[in-house]
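Let me give you the structure first, and then I'll get to my questions.
Chains: A, B, C, D and E, in written order; residue numbering restarts at 1 for each.
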Amino acid sequence: YAKTVKVGIVLPYTGGGADFAKQIEKGMKLYLSQNKDKLGGHEVELVTRDSKRPGGDIAKVAVQELITREKVDILGGFVYSPNAMSVAPLVTEAKVPMVIMNAGTSFIPAMSPYYARVSFTMWQSGYHMGKYAAEKLGYKTAMAGFTNYPPGKDSAAAFKRGFEDAGGKVQELIPMGGPREVPDFTPFFQKVKDAKPNALYMFVPAGSHASAVVKTYNDLGMRGAGIALIGPGDITQDTKLQGMGDGAQGLVTVHHYSADYDTPENKAFVKAWKAAYGADSTPDFMGVQGYDGMAAIVDVINKLNGEIDADKAMDILKGWKFASPRGPIMIDPQTRDIVQNEYVHKVTKQGDRLMIEVVATIPQVKDPCKELKVGKCK
Amino acid sequence: MTGPVLEAKGVCKNFGALEVSRNIDFRLAAGERHALIGPNGAGKTTFVNLMTGALTPSRGQVILHGEDITALAQAQRVKRGIVRTFQITALFRGLTVLENLYVAVAERTGAATGLWRPAGYRRDVIDQSLRLLEIFQLQDDAHKPIRELPYGRQRLVEIALALALEPSVLLLDEPAAGVPSAESHIILDVIDGLPADIAVLIIEHDMDVVFRFAERITVLVSGAILVQGSPDEIANNAEVRAVYLGEAAHG
Amino acid sequence: MESIDIPSIVLGGLAYGMLLFIVSVGLSVTMGLMGFVNLAHGAFAMIGGYVVVTLMGGLGANFFLALLAAFVLVALVSVVFERLLYAPLYRADELSQVLLTIGLVFMMIATVTFFWGTEPKTIRLPSYLAGPMDLGFTSFPAYRIFMIGVGAAMIVALWLGFERTTIGAQIRAAVDNRRMAQSLGINVDRLFTMTFALGSGLAAMGGGLGIEIIGLNPQYALNYLVFFLIVVAVGGLGSIRGTFLAALVIGMFDFAGKRLYPEAGAFFIYAITIAVLLWRPQGLFGRR
Amino acid sequence: MAEALAFDGVSAGYGETVVIEDICLSVGARESITILGRNGVGKTTLLATAMGHTRLHGGRIKLNGDDISALDIHRRALAGIGYVPQEREIFPSLTVEENLHVGARPGRWDGARVFELFPHLAARLGNMGNQLSGGEQQMLSIARALMGNPRLLLMDEPTEGLAPLLVEELQRAMDDLRTDADMAIVLVEQNPRVALGFAERALVMDRGRVIYDGPSAELRQDRQRLEALIGVGKDESNRVGEDRQR
Amino acid sequence: MTVAEAAATALATRHRVRPLEALPWVLAVAAFFALPEYLAVGTQILILVLFALSLDLVLGYAGIVTLGHAAFFGTGAYAVGLLSAHLDWHEPITGLIVAAAAAALVGLVSGWVLLRTHGLTLLMLTMATMTLLHELANEQENLTGGFDGLPVEIDPVLGLLRFSPLTYSGQYLYALGLLFLMFLVVRRVVYSPFGHSLTGIRENILRMHAVGAPVRQRLVTVYTISAAIAGVAGGLFAQVNAYITLDVLSLERAATALIVLILGGHGRLYGAFVGAALYMILEDELAKEFPEFWQFGLGLVLVLIALFAREGLTGLFAQAAERFRKRARS
């Protein structure tokens, strides 16, 4: 007989992360609406909670309520790493499987045996951007600028490791203010300009800071000074790309997703997305993470025939494979973390639209942080 | 000891380029009744501020009971017995009359540092506050917040607060200001009835009050002492009449 | 030893200071002059920003026209706010004002989210304002040079309007003692409504002008509030000149600090705030 | 020619409390009157009512023949009323100069003429309102009202806190004003000597009503009558600030 | 009895406990039994009450308006967190004592420097100081865990009361007990002669100097006491949530306490209770119904309270009670 499986979704619907929450939610709902048949006749009920801020406490209360009062069978969502971390003991004690759809700090999946992650780690893009810049783009020197909080630090460290592993030299890692400060990058970029490295690797959180980076880069004439701007795909987020203007042309980034990928899976995905949310709406990496996360949840429900048992669910998630719009993905059975392709993006202009062109693919990347056992992944 | 209780030695005060007090030498003897008069803006209130520590002199010394208190903070000077009233009423407007007095008495008795025992347990403080109410005939207003009190009564509380501190030197800055001459005598009666050992300095523009009250008068003009003398001497001093009194001395 | 380009630091600091001034000047009017703790300043600025985005994006309006429209529209709408919500609290204690305006901020964040969504908005500047401009001794972003010009024009206009006429004094008089000001023939209600409208209009314009650099999303209303408050407090309440000077000082100092010691992060801006306010508690030109 | 100020059966007070009752009063175009009375009898309230600060419970107020009962405060000021409030009400965050000029209107009184009357103020132009001595604030309050060039000047105990010599000067200046063609003056004054010397007509109030309206000279000469009316004497001592709310 | 005697009696008995004062505690205990599923939110409310109560001591009684109170909350939280993470010190009670002491120290030092100012200036200075602490915690990531946060491990209270992350019943009782203790302290202070003198400072600081009160010393004292209590609130937060992030030092946290206090009514002891409960319940319920737009409803309530209940909700009650009493008398 048909069961209703309750899925508790914790996302920052208000505050600085609201934009991400929206993307993830749209992705999840899109998958659900397309794949009703895969539920084996069961129903899914999403119980959403606003985690508001990256403080840990609000998310924790939300999860506690979802578990004890709403009696959810599965948890999903989580944009901010601290929120995913703070609920680990709770999830472990309550034995509820949890699919992490963003929170990218490397060691999170290790914090609870019931965690599985379908998003990314900062090391995946940063490390391979570093290697690619030194090996293929031939840069000898580079500087890295980053927003001064863990994702930024991780990303810059990963870049440095990758760049130097491939024989380059990172002159300096420059923290460029916190995520909440006035995003004026001019003083930092002036410093870089004076030092004249071959490339500037920039991590800022996706959002308005990214377009400020590109604009400042152009305004200061750094391209003319021979300094290339590269970074993780966060700074060429699909939804923000058009707003950056022509100055974004030629940027090279490494990431796991762009709406412009020319694969059948992705074309179908983007088409369905636009059909559901309007022609103006574009999925970005957050959207696809929500989509894939829901795919994992639906698969669990299907295989367990609606009867969610945490340990069995985790057995299914370990080694789970999926033909995602971003390419083939898998959850590593050892680490319960995502294994996915990383793509080298180049921003080009076609007509009056800026496009992401894939110039190289690095297949099936595991989290380099854990692979190399560096930093907190030791 | 018959020396002065309060003494100013060469006290100067500037506000920027403006010299508000110029080299003032002043002595107030125990139990003396002294008036300080002078044109508006002569620096009388400033002088009180300098004596009580609300302002620090640019130069000069303030000596109380033979001890140099120039560097002492206002609160410490109060503890040593020098207390003032304000030209423009300065009370705890949201508190009742009784509570106003409680605050002052609690400071004097040291009760105010008590963090733990309830204020109501200090019966002694309450009783002393009640006694002050009696002296100023304010019993019927005990329960009223200051802001609901007529101005004349507020002036009474103003002085009661000062007396609550049991001063040895009392500086009164226009105590009857805003109270009509027809009724200011309540205040004057209270002042007349002050214990004889308190030294009192009064600032006042009402010459009836000044001449009735003062044993000695100091005239301050443009920040400097013009003359000092007995009421008769002052009333008949031509210079004082020219700059301050006008015809009032006759009245 | 790396070379340090002094003119570019000075110019960069100046531009950053002007940015701070332009986005804060509206608050200097509504809070500084009118004495209302207007935490909703950022919200008015945000609305202005969205008006500019909508006009330029949807209707393809000219940047300057859009700015002007934002000024006028928000100024007009703010009159309703002023009469209905602000006026009853002019004489209330500042904590009630805090509660009112924070409440307004929350409401406006939700409203903006409802109509414009959560994604950050950008605008496309006219081409002559984009990219670098060659100044001879150095090259510098054209938009920032434009901001310096706008800021300078604003301060001159406001200075002439408020500090060289009695209007500024009339407003301060009405804040000090409303009834006495009326007794001197000042139409306080109208004066306040007009001033509030001006302040809100300026906020809106600041919001529009700032999009290019500090972006625009529903969080704008709260994100930069602290910076607005700091600029006004350091400048001193009641003085637009003070706000201007404070913005420049903070801008220069913060810019040079970040340029030379990026590790120190936000340290500089708070350090200079503390230093100035301990040195001059009423702010650089404070009247209250 | 119409009267400068006319009260026609005016009752007024604060909120529900009625403080002055059924006041009828008229001040001629160039006339000056002086109002006396004990503490709390409603003198300030009467002036404040003319200015529009109180709640009008009944009656009508006319200025130069026009009914101003329903006019806003600032319109009354613009119609020609100047006000020197009892508590001076200097604007603390304005300089002396700004205090003088915020409400200035063109006319015979300008900065120069005001400084002739109060030379001391000229030396304090840059001081903020809260950096003045008590007497200086009083001078400024009077000067500020004069700068508005009113046709009717309401002064509430303007000599309070002023040095005796200055009181005399002010008295002379007001004599000038009185004879000066265009200004009517209503003066509230506690000091009978000043009050009765100032104007030919005097008003005595008690408990919110006018109990005497006649020549000042009469009261000046009849000291006993004066005492009976305003209670100069010790036996009245417990009337201080008697609370008169009903 | 004469008026003066009546006034004296009122003053002498003001500190006595009124029956109505039992109400919040009865409600809190009743909630424990009646609403076992809501204990996690309930615990957060209790912590916010405690934090707002500490703010009331300085804001409502001494008139110090601060936007930096999370400096002490955060210090307390990190004291507990650092003890647990780096010194294996998991004992809760001593942890709180250390939290209080650390916060008091920060309060003493910053109060000594900052409390010579007031108004907007003080607001900005306290906020800037708090932000510098925030920067420091961010900088010392190796110690504090920075943005990502720090897990906190806690032993059972007195070896008996174990904290379950699932039920929160232990946490709730622990928080309630502590709130009660701290409330007793605040109540004592408020009704003491010292508390009375704080009211004097709030009413007229000029006169307070003139009656010989060491004003700054008083302010610093109460600031330090308040900081210690805020530190306990922060320590408690760290213990019951078993996780802290830089958020404990954030402007949001400081501003929330301020809003809650204004909402409930400051200077009335119970304003913190009413304000925190209303704010959190409203936010929680609205956010559940309208995850994206709940701020509108919350904002509307704040606006309405600001317009129609100037002295907060408890002020509204007090006025209503006063009117009722007047009518009863006449």
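Everything below uses one rule, namely that a contact is a pair of C-beta atoms (placed from the backbone, for glycine too) under 8 Å apart; a residue touches a chain by one contact, two chains touch by 3 or more.
Just so it is clear, the model here is predicted, and its values are computed rather than measured.
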item	value
Between C-D and A-C, the pair with more C-beta contacts	A-C
Separation of mean Cα positions, subunit B and subunit A [Å, integer]	74
Geometric centre distance via CA averages, subunit C-subunit B, whole Å	48
Centre-of-Cα separation between subunit E and subunit C, whole angstrom	32
Cα-centroid distance, subunit D relative to subunit E, in whole angstrom	51
Per-residue multi-chain contacts in subunit C, two or more chains	109, 113, 265-266, 288
Residue numbers of subunit E (touch at least two other chains)	138, 292, 294-295
Interface hub residues of subunit D, defined as touching at least two other chains	none
Chain-to-chain touches, reported pairwise for every pair that qualifies	A-C, A-E, B-D, B-E, C-D, C-E
Subunit E - residues contacting subunit B, complex	2-4, 6-8, 10-15, 188-189, 191-197, 199-200, 203-204, 206-215
Residues of subunit C touching subunit A in the complex	2-5, 8-9, 12, 15-16, 19-20, 109, 113, 117-122, 124, 130-132, 139, 141-144, 212-219, 223-224, 227, 255-256, 258-259, 262-263, 265-266
In the complex, subunit A residues that touch subunit C	14-16, 18-19, 21-22, 148, 174-178, 180-184, 186-188, 190-191, 194-195, 207-209, 211-212, 215-216, 218-221, 239-240, 243-245, 247
Subunit B residues within the subunit E interface of the complex	52, 54, 73-79, 83-84, 86, 90-99, 102-104, 106-108, 111-123, 125-127, 129-130, 133-134, 139-143, 161, 164-165
Footprint of subunit E on subunit A - complex, ascending	11, 13-14, 18, 48-50, 52-57, 60-61, 64-65, 67-69, 81-82, 85-86, 88-90, 93-94, 105, 148-150, 153, 178
